[in-house]
Amino acid sequence: MPPLTLLVPVALPLVGGLLAALLGRYESGLSRAAASAGAWGAAVALVAIWLPVRSTQELSLGQLGFGSPLELRLDTVALVFSLVVVVPAATLLTLQPRTWQESTVAALGVAAAVMAVEAGGVLLTAIAGCTAATLAVIQLEVEDLRAPRPSWAMLLGAWLALAWAGVVLQVHGGTAVYSAVPVSAMTVPVFALIAIAAVFGSGFLPWRGWASRLWARPSLRAAGMAVTTLQPLGLYLLVRAYELGDGRYPQSSLNLVLAAWGVLVAFGAAARAQAATTRREYMAEVLPGLAGFALMSLAVGSALGLVAALILVATSAVIAICLPLLPERGGPPSLLVAAAAAGVPPSLAFGGRLLGLGAAFEAGGAMGLIGLAGVATWLLAAAAAARSVGLPAGHGRPAAETLPRVAAVLGGVAIAAGPALGLAFIAAATAASDVMSTQGLGLGNGVVSVTTVSTLIPVVALLGPLLLVGAVALAFARPVPATARSDARPPLFKLYGTGAAARVMEGVRKAAVPGEYRSLFNPRALETAAAGGTPMLWLASLVALAFAVTR
Amino acid sequence: MEPELAVALPAAGAACATALRPRPRLALGLGALLGAGGLAAVVLSSPGAASDLLGITLSLSAPARSMLIVAALALAFVVVLAPQNAARSSLLRWGLAGLAGMAAIAVAPTLDVSVMVLLALVVLQAAGPGRRPYARRVRAPALAVVLLGLGLLFARMPGPPALERLGAVGLVAGLVAALGALPYMHEFDPEELTATSPIPWIAFVGPVVAVVVLTRARDLLPAAIGAMGAMLIGLGLLNIVWGCVASWRTELGAAAWRYSFISDWGLALCGFGLGLTEGWAGALLILFSILIGRLPLYLWSRQPLRDKIQTDRPINLVVAAALAGSAPFAGFTARILLLRGATALYWPLALVLAATLLLWVPSSLRLGRSLGMPKGRQLAGIMVTLALNVALGLYPQPLLSLAGL
Amino acid sequence: MSQVLAAIATHAFALLVYPGLPTLALFGLVIESLWSRIAGGSQVVPRPRLARPPIVLVAVALLAVLAAVQVAAPFNPVPPGERNVIIAVVAIGFTAWAELALDPELVAGPGLLLVIQACWVLSVLGPAIEPESLRPQVLGNVLVPGLLPVKVASGLLYLLCLPALLRLWPVSPPTDRRTRPRFNTTRALVWFPYCALFTTLFFPPQGDDLSGLVRFFGLTIGVAAVCLIAATLLALRGAERARGLYTRAVAPYSVLVLALIVVTLILMH
Amino acid sequence: MSEAAAFAAWLGGAILVLADGRRGLAVGLALMAAGLGGVAYAAGEQLTGAALLAGGVVAAALRWRSGPEGWGLMQPGSTPRIVLTVVIGLVALYFAASLASGDGAAVRFAPMACIALAGARLLQGAERGAALTAASGLVLALGAGSVLGSSGSLPAAVVAAVIATGTSALPAAEPHGA
């Protein structure tokens, strides 16, 4: 494969987007087809480029002008994350109706996200990631101006933080290219900047951040696209941080802090989910919860943790397709998707969480305590999922953008994929080997079982029969009586503090200078004084400058 | 021969356009032809090479040359895609006069001559028709000339180092006054013609003046470069904060645009103040984006501002992103370069800079909306502006090479 | 391939025969009947009926079976190295919530149940942190003096949580208007996983011989008996006292256990 | 000679600040140009001096012909302006003679005082004619200042003379629309 082909996965969605803009003026269906074809083309291109070689491929096209070369790289990590971004986006672009403007912006956003993952250096990732974030915000605004969306400043700040990290690497390490940065340049401040970019750029927040609020929008077309393109990028950055640090973060305490943050994110999501008053509110907390577990697993610092994180990222991608397609009424589709996301055995989410928590316990010490909190959080999430089954629907959505059958099938697949955990484990381990040593993983058992330091999980032998028996038994079982459905249920525990936090925020928003002090601080008078061309101000500032430099 | 032609041809174009005012089409054609000739002369001139044809040694530095080329392109762009109701010949007339003055400032043998030409521009611009009396319009730009002149005198006086520092104060304060940035803001009347308002100083002539003054000051004040950099950074941060907040909160739309220019200049001043190649590259990128981005967008926003039309269509949001310095537009790349320079110099400065970079967002959303519902030529113009901005953001190397960086 | 098929057959046997479904059903039938009698239930043993089982029963049974094969019961065909305490904890933990999802009438005080479940998770996994192992029998075999206080405290916490987790306490669901408890089939299915997991985690593993089998089941039945006694005492004191015990005594005690685990970690490192 | 020329330049600048009529402004500009030219001449830059003088005289002549009527010197309420001219003179003298070192205090004093005085006149926001005259004076002072520079000052003086003349040639009345 010539290296130039690495441009294809970026170029195809780009072309799709431009075609969508051109064709959309005549027929919105054509624009939808063009955008989705571009995204699917990118997915096919990624696999087609990687499969024949099955090793890292690079393309360098010289300097861009801001100290960063136009260097693209497709290794297994990039392949996994690109597919995690592209496949859900392509599915949603195909299945959900959109205006031509939305299709165009969405396709461009997909191209930017793939570019961020394929970029060979931190600065290029920052530029592409910020582009993806900007396009996501624009898409959300185009869909509905008044609906909740992420703060633009927060996203911009996050990607600027990554750009600054790249700049620091350039200044102190001579380069910001992932594969060339000296380990000594990967310091705590650089990691902190990368972590800030990941946490705020992807909305990994313990409180109700944008990743949750997005799902309160009347329509979930743009929200689904925003989540599928932005959320994986944060985890991607933290995976690359391992590569920059030669398989570890600058200090082990950073692993602890990040893992604790991940559990907090998952706990926050689970706590809000168990207090949800509608099924829509519950849905809003599903992906943040999964992301929190992925973050915790990733931060453990072992190859097993990283593998678990990658499996959870893949699971999140499947759930991210299901949620926007799910109608708000109850029924088997909701039940299946909720079960798949909650990690009911033998689902893939179950396997991923199991491996991540296992990695935490095997790390021991404080990380073991974090794992303990993780198990408790998992059970809380399960309780919330169970409670959600009986919740009333939310404020409704256009039926045209929901496909319950597809959601049900995908949810079912996510549950039935448990016995294939070994396969996912090997794929994820291959990806993990790009950024850290995976010698301790014991890949000898193939796809049949998963070996960790202290135990061996016979995924096929244990989960296979369980799945079969379960399927047969459930087929014969008596369904849930309709009377048990859709009744308002009290939360398992009240969320104290959220009201207070909202009140504080409202207070800050409404903060104003007290009337009796207004005369001291009058912005209009200040503006008049500054812009009024008053020689006295000019003279005073001149004297001040002279004093400042000559004292 | 090129430096002389770079001044003479646009000047002749401006003169023709003025003389042929009763016949706008002819004025436009002839002016455009001569202006294109001037641009060709600038493009063909080799940076740094001196020409002594008129007994005065004229030469064009690489950064000033690049700035002149971009300014000329911006003028052509603005004239070609001017809003329907704008008098193109008038735009071209003022633009060519400004371009001739900018070329003269750039090619002048000494900074004294550049300052004199600046005074000539000040006098000519203020002499145009306007709502405010002449003396009020000439006041602030004239202050710039006075301060630059005093700065030059102090810089050349033999004596203690304090004198050189006072020279630096004069040059920096004079430059800021020439731009009309804080604390030497020019009086602004939203209803005034753009050509006779303070906007040309901050958005058209300013970039060349800044490049010339700061390039020459480096040779003139070798011992006071540190003080000069500190002043530029201080004033830059002041302008960033004031410009962003005022652009967001001020009542008048046109004033909001004016403050947004000021905030961009704040960034540019910080970049120049860093004194490193990255800082200069970042500052020049900001200035390029002002010339080919913010200035045309401001001109296209004038009519919707008068009609009080505000919309939130996709194009408005994309424009807002470009104005906010978000990727993939030039602003983001410029900010990366500035952060790099600041990190190399003193990292807490980079922290302050990074914190202030978020202030652009709210005002940019407001400015984006103020473009109304662009149609026809205006829409095409905005599209081209955005495309140029993206190109500059993703691949700034060609323009930076043109500027000798 | 043959190895894979053999492994599948072994695990299927474990799930479907021993220590899987029949074992836990039989164990549950005995203990639950005993409890029905103690509690003066209206129905001691359910009348056998040929009918499609409710979905909640199927779900609980599947989870209970998955947990049961993780315990260190003698002659358990699942090799010791392939058992995992987290699978056991999560599978048992899910049973309570499967009921909430599919038959909410069964669940009394879900909020308090959640707190108690968290305490129970602490009691099961707390002792696993320092040994850095997830094999149940390894945890049962830990006899390092430095770790014994944590193990004992966790065992006590486990026993304290058990009556509530099995909903043997006198707190009944708001919709349940029955004055006398009936045979609870779903509870019958989780008796064995809960009690056998305790035996596995807090007693040294028994050999794969008859005496080991007797000892294991003896201990497991003993755990069930302790649980029944505790439940009876709770029943005598009433619902409010029971709530009070768990909110004011067990929860603070679990905080103490957590502190003990942290201190042990610090001392061992 | 150079001291006398420097004093003349200051006096011219002072008259420029104190006059409101076209005659007063013209005389002030001419005297300032003569003083600046004299200073340049004394510094050995004869051609520069001549160029400044010529430019100043022509500009003054143009002003003599247009602008507000009369002399308008020290009209009622001009005390602050008188004080300003004195203060500017003293401050310029301090910088040129006391703070700066070396010979040629007059060459430093005259341009500095004239730039400051012309600038002060411009900042007063006076009527158009006075502002244009002040601009002419300012550019001539800048030309004289180039004498201090290492490179030749003649081109600067020529440019200054041309701009000063052009500035004075501009109409002194506000155009329509003002």
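By written order: A, B, C and D. Residues from 1 in each chain.
Please note the rule applied: a residue touches a chain if its C-beta (ideal position, glycine included) is under 8 Å from a C-beta of that chain, and two chains touch if they have at least 3 such contacts.
Everything numeric in this text was worked out from a predicted model, so none of it was measured.
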item: Pair exhibiting more inter-chain C-beta contacts, B-D or A-C; value: A-C
item: Chain at the geometric heart of the assembly (C-alpha centres); value: A
item: Centre-of-Cα separation between chain D and chain B, whole angstrom; value: 30
item: Distance from the mean Cα position of chain C to that of chain B, given in whole angstrom; value: 75
item: Interchain centroid distance [CA atoms averaged], chain A/chain C, Å; value: 36
item: Whole-Å gap between the CA centroids of chain A and chain B; value: 41
item: Touching two or more other chains - residue numbers and ranges from chain B; value: 136, 139, 143, 162
item: Shared interface positions of chain D, touching two or more other chains; value: 123
item: Where chain A touches two or more other chains at once, by residue number; value: 535
item: Contact graph of the chains (line, ring, star, complete, other); value: line
item: Pairs of chains in contact (touch as defined earlier), listed by label; value: A-B, A-C, B-D
item: Contact set on chain B toward chain D in their complex; value: 55-56, 109-110, 112-113, 115-117, 119-120, 122-123, 127-136, 138-139, 142-143, 145-146, 149-150, 152-154, 156-160, 162-163
item: Residues of chain A that touch chain C when the two form their complex; value: 274, 335, 343-345, 350, 354, 357-358, 361-366, 368-369, 371-372, 375-376, 378-380, 382-383, 385-387, 389-390, 448-449, 452-458, 460-462, 464-466, 469-470, 473-474, 476-480, 484, 489, 491-493
item: Complex contacts: residues of chain B adjacent to chain A; value: 136, 139-140, 143, 147, 162, 165-166, 168-169, 172-173, 177, 182-188, 224, 227, 230-231, 234, 242, 246, 249-250, 255, 278, 281, 312, 314, 317-318, 321, 324-328, 332-333, 335-337, 339-340, 343-344, 347, 350, 354, 357-358, 361-362, 365, 393-400
item: Chain B-touching residues of chain D, taken from the complex the two chains share; value: 95-96, 99-102, 108, 111-112, 115-116, 118-119, 122-128, 130-132, 134-135, 138-139, 141-143, 145-146, 148-149, 151, 155-156, 159-160, 163, 166-167, 170-171, 174-178
item: Chain A residues within the chain B interface of the complex; value: 63-67, 101, 105, 112, 123, 126-131, 134, 137-138, 141-142, 145, 152-153, 156-157, 159-161, 163-164, 166-168, 170-171, 523, 527, 530-533, 535, 537-538, 541-542, 545-546, 548-550
